[in-house]
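See the structures that follow.
Common to both upcoming complexes is chain A, partnered first by chain B, then by chain C.
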Partner chain A sequence: MTRLKSYATLLGATALTLTGVASVSAADLEFYFPVGVNAPAVETIQALTDEWAAANPQHTVKAVYAGNYEETTTKALTAANAGQPPQVAVLLSIDLFTLIEEDVILPISDIANSEEDKEWISGFYPAFMSDAQFEGKTYAIPFQRSTPVYYYNKDAFREAGLDPEAPPKTWDEMIEVGKALTVKDDNGNVTRWGTRIPTLGLGGAWLFGGLVVSKGDVLTTETGIEARMDTPATLASLEFLLRLAQEEVMAPGGITWGDTPKAFLEGQTASMWTSTGNLAFIEENAEFDWGVGFLPGGDGPGAPIGGGNFYVFQDTTEEEREAALDFIKFMTSPDSAAKWSIATGYVAPRPDTWETPEMKAYAERLPQALVALDQLAYAEREFATFQRAKVTQYLVDAIESVVTGNAEPAEALSKAQEGADKVLGDYQ
Partner chain B sequence: MNNRLSIRLAVIMLVIPCSLLVAFTHYPAIQALINSFWNNSSSRRPSRFSGIENYQALMEDDRLAQILINSTIYALGTIPLAIGLSIGMALLVNSRLPGTTLMRLSFFMPTMLPMIAVANIWLFFYAPGIGLASQILEVFGMPSINFLGRTDTALASMMFVAVWKEAGLFMIFYLAALQSVPTNLKDAAKLEGASALRVFWDVVMPLLRPTTIFVAVNALINAFRLVDHVIVMTEGGPNNSSALLLYYIYEVTFRQRDFAYGATLTVLMVGLLGLLAIVQYWVLNRKAHYQ
Partner chain C sequence: MNRGLNRILLSTMGVVFAALWALPFIYSVWTAFHDEKYSANFQLGAPWTFENFIEAWQSAPFSLYFANTMILITIVLVANLILCTLVAYAFVRYKFRWAGFLFALIMVQLLISPEILIVENYLTLSRVGLTDTIIGIALPYLTSAFGIFLLRQTFLTVPKSLDEAAQIEGAGAWRVLWNVYVPLAWPVYLAYSLVSISFHWNNFLWPLIVTNSPEVRPLTVGLSVFATVDSGVEWSLVNAATLMTTAPLIIAFIIFQRQFVANFMRAGIK
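Presenting the complex of A and B:
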């Protein structure tokens, strides 16, 4: 069906060229995208894609929802290895090194090389560009970018006699406040926890990066070959996660990423750490008064930056690259980015988006949306190295083994460091 | 009438299945074996022959050791449980109780659902605090358990889902077998004064043995083959407590893109399954009693 359609387009285009009516070259784009949050993301992406296609009738574009982030990367790489890559895809920013090593993506700065294009690239927030660049080239364009924030139930704060306008700022405050927020029933079973920080899987590792940043260190650098898993900051962070459970502020054991917004909405927890990409979902479904604050920090504020960027694949024609670039420019334009940001809660990646009337109205209606933007000043890149999936697994294993009570923090972290160094040793 | 096939036709008819077998079974298996002796090359790491390095890594892999233990517990736990449960259900729906059609349908229902759907349903059942399992515990005044978030419950939770999903299918096989048990044998036993339990144990069970072996083989294959629920529900976590061998192969190969080590793990799995197949054939030849 699709192939038939593309043949038809091709025929049409050939006919047009032959008759000399139009000289614009046509391209058929395939665009893979993931959804990592509870939001009407698919509909919004489809609507924006359709809008671009309508404005560019010489091209076609097929938006393919490819699952969560990791699944989308897996699919895109498999397709690329098979010689049929999507022309353009939104993939995790931290997959940059993997995509470079697999030699499947094209630096966007190679196609976007006019003066105008360079200015366009420099118009994104530097915090979002830091993990889109490598060895002096810009490989990706920020799109669905986020940082985690501290969501809290203001009604629960009032109930516990706390100031609903003053979310905790430090780890100690978080434990103190959390104790007041935890509610038990007559049997001594907890019916509402003070907080919820997902600790399992990639989501857990992402948030862990925020804990480390707030202790004044980083997990990773721009070289792609450095993993700093066994440091005083990581040790303090892991011990803090344990303390939350010991002080009965957070449920013991591993905490999943996916259930967290649901648990918050159902009143199972009075606060949570999750992506700003869940803002729209919470706004729509919360039946209580809620607020958003910076992530409470160890020595000061700190957060990881996460989310996905646009990538253009190598195995493409000139026309497809041109069209892909135009498509990306459209998707990150102030109007499109405003629609996307409002529909989901992702942080609009360019200052000019925040100047649009829609965004101004949105920020007024939902001031919580500005918190993540302000937090950007204290945010650092998410853990990324060559062979990211393999190296991150060592970190994930360390965190999971400690929170589930199967290992001591120091021992788990040194084991993780050892594993990571072994993998990255190949690149030194 | 000439029953003999001409040689030419026979060759042509053999080529199709043989080429499928070669293309999709033998060639990949041999390729995996070859790949397992090379490193995982990329644009930044040159390709080189690594000898038995991958196999050395295999021996030292703590995760793999944990996963092999998990897989063994999973197989040993789910197979007898699914078989026992399916015999029980088959006896129930084969009885003359009212509503057996409805029972058959409801027992068979989980089998008809795709595993991904099943996993998503159970994900919700297990959700701490809000899920069905927590609410049942709450009725009895017990604290909610974070089934999928604890290392001591995650694998058992997976196994429960697998048994729930598979027992219905096996029930169908047992039901068919039960209905083919000749009633005169049972009548004769009863006439001799055998109790219902005795009839079941000494008359029905031996006749069910071929079915049991068939079901056991299938259950064993499924124990290695089905990992959809692991991917959906826990991704092998927490701390690898619910990871199974095939899931690990998927993760290493496609997520971590370490094709060399993935190939090594595949060789291990093929070897293990081959060994199990030999054992099963041996048991099958000795114990199965076909009429």
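Presenting the complex of A and C:
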């Protein structure tokens, strides 16, 4: 099969059609998946894949663990360039433009074109579909989507004389509440900060998108060629981050993404901004009463959406595409999505999943899981453009240089805008 | 007086730097043997545990990965030693047309980072049907520009008279290589093997990209399951897995420490 495929690439379209005709209705699928959350996720994916294979004995499917998101994209692109793409893969939603530019994926709306299929596609939360579509076509199906929420330590709220059922809603409230939550020892050293918003790296840029949304703006649009880095909203957002440190609500300097849940669990911070992908981890490890709220916003609620979608690759036979579509339908079906969501904390991408008995029981046991769902109404797509890695880096650099005190907000943002415009100018 | 002061300064610096180097290792040992909640909370009385190792061992088929890594580095090392020796020997011993140019061409490879060639290499492998095999992971690394360079430089330092004496005694080219050049380059072989083994032990991206099945994947790919980006890092688990997978290298180093250091010194002084 491998050899057959590489010949097919060499000989081009004619050979492709021939392989298509030659194979029977059975398809051998390869499915690349990344892991962004802790290890049990691999087992859940494998179990779901096996379940589909058992129900479809005419097909086979091989679930291939392909590293983190970035590595999975590299692996899929390499394989696609060599003419051996996986038929289906879960990749970052923000890699859409890269995949389109490399011309390796198929619009799913081209395969799923019956009335029933169209209805299926329209059954996903619109917020998750916004970054799966481009120029009127649906290129991806939401699978492991997440959004950041505000986690807070209810015991700390009680200790500070605050209402544990009323997390802060606005930036001003957050500073006020944060001041009450910050604890210093006799020497004036802070032993517990009021909050923790990761500001470094891609995680920092992701959360920054939420700040901007709450000020009524967006960082990118569906065109993939627009970066709105130097706007009143971005300036206000950066100044808010600085203010948190100045008012001694948050530790000064850069804050890492990876250590944030730990700092929260160990009581070094009374609240934190991080992904819903942490729900299971926090539930398992927190030794105190904790709650979840919307991200406090500037002018109103606002959050970014992140995570991974299903993509179907080109260079596949008719049968493989049909099977891939069926596989995706199975993985996003209410039962499968419920298992996946409960195991990881990702937000189930379709309303019908939340109607299943498992999900209802889950929501009852862990009502915090529902917050992210309600917040979806105020969430916008994550920063994504053509040449995403390069363009995002300008934003990351701007945020990092400001929070570490090496640049002024306005100056850093205009520099980032200039860099981004230069890259995106080629795509106008 | 001055000399005494210097000595104290030097030893203090030595101790400080040694401590700096050792800290991450000590930290990883601490976290690996303690519960997650002690990972940034150092209490001497904290209970020791093996749980992390058990959990880490169970989250991926590590025994399989260990075997694969062993097979991989054996193939690579054996091929490297043979091929690099032969090429270096040819460059040193024979005068042939384009020798300088060919050697320069090999040197140019040192400037190209292997990551750039991933797509090309993948394409080649998929044409010959070797993706998803251990031999496929090893193939691009079977010979090494660095190894050729290192051995050529070492062979150049072998006195010509030794070579000639062997020839007068009636030794052929193979015999001269085996009995004169290889024994004299012994320290370099050891040093090079060490570098090569640790490089391939740690190589991650290429094996990840070129393989799909757990049956052929090396340790590093198994280890990456713990790179949990979304949910924060569980240091105790990560460090238990890391210690476990690097243990053979560390143990080998402790056993052969004297030889390694001595060989590096000798190889370096030349």
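Assume the second predicted complex is superposed on the first by the 400 of 428 C-alpha atoms of A that agree within 3 Å, B and C clash if a C-alpha of one lies under 4 Å from a C-alpha of the other, contacts with A are read in each partner's own complex, and residues count from 1 in each chain.
By definition in this document, a residue touches a chain if its C-beta (ideal position, glycine included) is under 8 Å from a C-beta of that chain, and two chains touch if they have at least 3 such contacts.
These figures come from a predicted structure and were not determined experimentally.
In this overlay on chain A, chain B clashes with chain C. Look at A:403: by the touch rule set out above, it reaches chain B but stays clear of chain C.
In the superposition on chain A, A:82 contacts chain C only, with no contact to chain B.
By the touch criterion defined above, A:280 reaches chain C but does not reach chain B. Of the two partner chains, chain B is the only one that A:102 touches; chain C does not reach it.
In the superposition on chain A, A:190 makes contact with chain B only, not with chain C. Of the two partner chains, chain B and chain C are each touched by A:266.
Within the superposed three-chain model, A:366 lies out of touch with both chain B and chain C [touch as defined at top]. Touch criterion met: A:68 reaches chain C, while chain B stays clear of it.
Only one of the stretches 8-16, 62-70, 188-196 or 206-214 belonging to chain B overlaps chain C in the superposed arrangement, and that stretch is 206-214. Taken together, the two structures place residues 74, 78, 259, 262, 266 of chain A in contact with chain B in one case and with chain C in the other.
The touching residues of chain B, counted against chain A in their complex, run 42-45, 63, 127-130, 138, 141-144, 146, 148-151, 235, 237-241, 254-258. On the chain C side of its complex with chain A, the touching residues are 36-37, 39-41, 59-60, 118-119, 122-123, 126-127, 129, 131, 205, 208-209, 212-213, 221, 224-235, 237. Of all residues in chain A, only 2-3, 5-6, 30, 35-39, 42, 62, 64-69, 71, 74-75, 78-79, 81-84, 146, 257-262, 265-266, 274-275, 277-278, 280-281, 285, 287, 345 touch chain C in the complex they form. Only residues 70, 74, 77-78, 98, 100-103, 187, 189-190, 200-201, 251-256, 259, 262-263, 266, 268, 386-387, 389-390, 393, 396-397, 400-401, 403-406, 426-427 of chain A touch chain B when the two sit together in their complex.
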